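You will see subunit A twice below: alongside subunit B first, and alongside subunit C after that.
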Partner chain A sequence: MQFLSRSLLWLVLLFLLGPFVVIVAAGFSAGDTLTFPPQGWSLRWYIKIFTIPEFQHSFVLSVWVGVGATLLALVLGVPVAYAIARYRLPFGETIRTLVSAPLIVPGIIIGLALLRYVVFTLNAPVEITLLLGHTTLLIPYAVRVVSASLDNLRSDIEEAAVLLGRSRLGAFFAVVMPNIRGAILAAFVLSFITSFNQVPVSLFLSGPGVSMLPTQMLWYMEYTYDPSIAALSALLALGAMLMVFLTERLLGLSRYM
Partner chain B sequence: MNELLVLDHLTLAYGRGAPAVEGMSLSVKEGELVSFLGPSGCGKSTTMRAIAGLLTPRSGRILLAGEDVTAVPPNKRGVGLVFQSYALFPHLTVFENVAFGLRARKESAAVIRSRVEEMVAAVGLAGFEHRLSTDLSGGQQQRVALARAMAVRPRLLLLDEPLSNLDARLRIEMRAELMRLQREYGITMIYVTHDQGEALALSSRIAVMNRGRIEQLGTPQALYAAPATPFVATFMGFENVFTVDGNQLAAGDGSKLPLVQQPGAGVQALAWRPQAVTLGSGPYSGTVRGASYQGDSVEYLIDSAGGTIKASAAAGSNFIPAGSEVSFDLPLAGAALIPAGAGA
Partner chain C sequence: MFEKRSTGVLLTLPALVFLLVLFVLPVMVLLTRSLALPEGWGLGNFASFFSSELNRTIFWRTLRLAATVTAACVVLGYITAFGVLSYTKERRGMLTGFVILPLMISPVARTYAWIVVLGRTGFLNAVLTSLGIIDSPLRLLFTETAVFIGLVQLFLPLMVLPLLSALENLPRDVIPAAQLLGASRLMVLFKVILPLTREGLVVGGTLVFTGSVTAYITPAILGGSKVMMLETLLYQRINVANDLTGAAVIAVILVITTLAANKLLRRLATPRQRQEAR
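Entry: the complex of A and B
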């Protein structure tokens, strides 16, 4: 029985990590096409990805949209989380559900809707629409992670701060913010990674010279089947792992998820 | 005779619900410690929240040192509050918790340092300044909460069941500590509690509250000796309360005992402490349902025609085992006479 469950555990791990190993290894290939096992070893594909201008541009756009949408989602989401946690709102349950809706609605629908109504009808620039679309997608993460932290924080400390002379808003910044700072950072990391890896919404929202990194990678693969895609994927996965690892070490990310 | 706090026909309610407190009036003098004593739901905590400014009255006024503060926000009232849960700031040290109010008032660093050190020492926590408040025991957290509330020198300090989360021994220790601090700083306090022992030990005056009203207001001695209503009598340990009904004594559940000696006109009810019930002789009889040994006394529950009688006898007297018949007396000399017309 123990043998069985142990073997199952290793199989699951292999299933989860196997593709990652394949991708990393394929990126180190010396050959011209994406194959596994790699044909010889070289660093040329890891070097080449830094020389492709489309990757550079879309990487910069992805970072900007990721950071911008994450900040917007937090600015909108933290007050929502606070209101849900502290006040008995009319339709509170409905609001809670609506805020989580972007988690359930397929990204394709969000992307198509934004393309049809924001880009075509309102003629909004694609970059702004991307920012809006990603903000929508990230709000549930901001609200959920911060809500969990607020639910664990006593509300009477705010009253205590007010009675000691702070205004209500002052009390929020003096005694609530420092206690949910970890959750906000965790929400930041989670949201940024989600935005960075997002495909369906980004797929619809691209224009001449404007595309997010995952979309750019898809297009690149349609024309060029070389190991540089593997090298780039490996680097991105490594970056995400590093971020999660660091936040876990510094704040204990898992407390908020 | 300076009246620090005046509550003037205060009616309090949460949302549009029925009022939790109705038409309450009270005045508290400078330096007094007034307790709000009553069961949960009697409106004592609600009243305290209104005095702090955390709840806006539906009607009535609150005056602090003669000034109408009904519309003054809680951060401008100069009223301190010690929470039942302590409500310490978990991310701050003891020093920073106590300094919080002083920083909000933009005091100078020198004032903050000296005041925090003074208050931390006053509550016996010198040396703990740099601990996180979450690393302290319940009793220590209680002391930090007190020091924090007192550091800003509030005009009035409200305490919401401050000792209810402590164990019995600590509670008595903190009770003495509170009395010492109150004497030392001459601070006016309102103390909310459901524990009559605490209220009796600490208070200059006690307001016994029931269903949103003050049933009786008086010194501990006055309340203990002469409760004005059956409710106050029960709360003050007169556990056998009977309404005078012609020449009968009527218990709350409707059962009756004959009244042997008329208490005189104007008496609505009679109440006896368990110690005032004499056992072994007398006009009444009943069956001992339970006898529990308490060390210095034995407590009896006696089933009688007038319902369950609670009696207490010195431990040295004859032990009466459960199940035996016993005769008893309710002597008028040992009764509290509750006048007609007062309270409910």
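Entry: the complex of A and C
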């Protein structure tokens, strides 16, 4: 029985992870079309993806939007998490629902609504709208991760700091911040990865020369059937694994998921 | 708990204003657009959406795929969770990591991998041909099966994680106790394990079902124009037909379906427990 359940587990893991082995290998192909097993081996596609300007631009934009939206979501979300944990809020339930609502509404609808009523109507630049749209999406993560950490932190040490003469804000930075630093870093990593991989919100928010990396990949693969997307996918997968591995080692990321 | 309410409210204010202006308001305006008719307001746009056979096909296909993907993830989820739990505590962390890992990787990359596996010149066709099972490559891409496989791989981790924590919290001796009292393996599964892990099942099931209903990337890459789902149809309404009202109708259908699934599944989790408590 144990042998059977372990073999089945490894079959499922093969199904979950096997395709990555296949794309990494397919990216090393020497041929012009996507085949597996590849026709000969070369690094040409792994090199080529760095020379395609659309990929360069969208990679840079994706990183900027990811970092910017993550920071903005933390600046907006950490105070909410603190207020939920420490104050008796009027309409507490409504506030909680509102800050988690962006997870429930399909991203494509948020993207389309922003395109129509922020880009078209208010004439906002697409890059700024992408940043704001991604922030909307990341606020729930920031609130949730930091809330979980604050729940485990006793509030009387802050009160002690206040009694000893610190201001409420001073007590927050002196006592609370050092204790939730790990959660904030974990929220940062999770939010950045979420933003970087996000497609539906970004789908409609693009313009001439402006698109996010995953959207750009979707367009590219519609017209070309060469191994460059396989190579790029493999690199992105490796990058994500590296990031998760490092944060797990440094912070124990899985504690916050 | 601090007494000054105004400070608490003040702390939430920036985020609330941000979300109201940039999320609630635009989304509401878009959704109400579905009710706008040339002569006033009404449900006419929904009637005309469902009068098209293609739209009905896509609507039912989306629900059907979401249901079958959820069912497959439940079965595979229990298999995976039991497999992980059959290892010692030290090994479980690493195995859980293997399950979480795909969640961190771009869904575009994850879905694209299936093109390499299922394509005409892909891995599966190469294996089957070389084994002499088939003579000419099978057409696997751009079928509902391909979308199904892609969705199951994409969402399976979201089912495994809640099931794993539910099973880990299961009191250690309930299974031996049931067996001692003469329950067969199947009875243990249906009378003991399923009821006791219902909450994890509902959390995972909601994530997988709503995720599949609102999937864009998988049908876009593996389904193409042949196997459309609601979100790919919505995208096409805007980018090909520039039909904002039609897109708003699909948006309302998506929101209602997700909310209904959330409510329904949550209800499924609670009433039985109340019966048991009596």
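The rule is short, and it goes like this: the second predicted complex is superposed on the first by the 257 of 257 C-alpha atoms of A that agree within 3 Å, B and C clash if a C-alpha of one lies under 4 Å from a C-alpha of the other, contacts with A are read in each partner's own complex, and residues count from 1 in each chain.
Convention: a contact is a pair of C-beta atoms (placed from the backbone, for glycine too) under 8 Å apart; a residue touches a chain by one contact, two chains touch by 3 or more.
Since this is a predicted model, take the numbers as computed values, not measurements.
Participant: In the superposed model built on subunit A, check whether subunit B and subunit C fit or clash.
Facilitator: Because the two structures are overlaid on the shared chain, the partners are seen to fit without clashing.
Participant: Counting only touches as set out at the top, which of subunit B and subunit C does A:Asn179 meet: first, second, both, neither?
Facilitator: first
Participant: Check the residue A:Ile157 against both partner chains and state whether it touches subunit B (first), subunit C (second), both, or neither.
Facilitator: Only subunit B is touched by A:Ile157; subunit C is not.
Participant: Identify which of subunit B and subunit C touches the larger number of residues of subunit A.
Facilitator: Per-residue touch count on subunit A favours C.
Participant: So, does A:Ile139 touch the first partner subunit B, the second partner subunit C, both, or neither?
Facilitator: second
Participant: So in the superposed three-chain picture, is A:Gly165 touching just subunit B, just subunit C, both, or none of them (first/second/both/neither)?
Facilitator: Touch partner of A:Gly165: subunit B, not subunit C.
Participant: For A:Leu218, select first, second, both or neither according to whether it touches subunit B, subunit C, the two together, or no partner.
Facilitator: second
Participant: Tell me the contact category for A:Leu246 with respect to subunit B and subunit C: first, second, both or neither.
Facilitator: Neither partner.
Participant: Mind working out whether A:Leu14 is in touch with subunit B, subunit C, both or neither, as first, second, both or neither?
Facilitator: A:Leu14 contacts neither subunit B nor subunit C.
Participant: Could you say whether A:Ile23 touches subunit B, subunit C, both of them, or neither, answering first, second, both or neither?
Facilitator: After superposing on A, A:Ile23 lies in contact with subunit C but is clear of subunit B.
Participant: Look across subunit B and subunit C in the superposition and give the shortest C-alpha distance you find, in Å.
Facilitator: Shortest inter-chain C-alpha distance (subunit B to subunit C): 7 Å.
Participant: Write out the stretch or stretches of subunit B touching subunit A in their complex.
Facilitator: 52-54, 73-75, 79-81, 83, 85, 87-91, 100-101, 104-105, 148-149, 152
Participant: Where on subunit C is subunit A touching in the complex?
Facilitator: For subunit C paired with subunit A, touching residues are 1-5, 7-9, 11-12, 14-16, 18-20, 22-27, 29-31, 76, 79-80, 82-84, 86-87, 93, 95-102, 104-110, 112-117, 119, 121-123, 126, 153, 156-157, 161, 210, 214, 216-217, 220-221, 231, 234-235, 238, 244, 247, 251, 254-255, 258-259, 262.
Participant: In the complex of these two chains, what residues of subunit A are touching subunit B?
Facilitator: Subunit A reaches subunit B through residues 153-154, 156-157, 159-167, 170, 174-175, 178-179.
Participant: Which bits of subunit A are touching subunit C when the two form their complex?
Facilitator: For this pair, the touching residues of subunit A are 2, 5-6, 8-10, 12-13, 15-17, 19-20, 22-23, 26, 33-37, 75-77, 79-80, 82-84, 86-90, 95, 98-99, 101-102, 104-110, 112-114, 116-118, 132-133, 135-136, 139, 143, 155, 168, 193, 196-197, 199-200, 203-204, 214, 217-218, 221, 229-230, 232-234, 236-237, 240-241, 243-244, 248, 254, 257.
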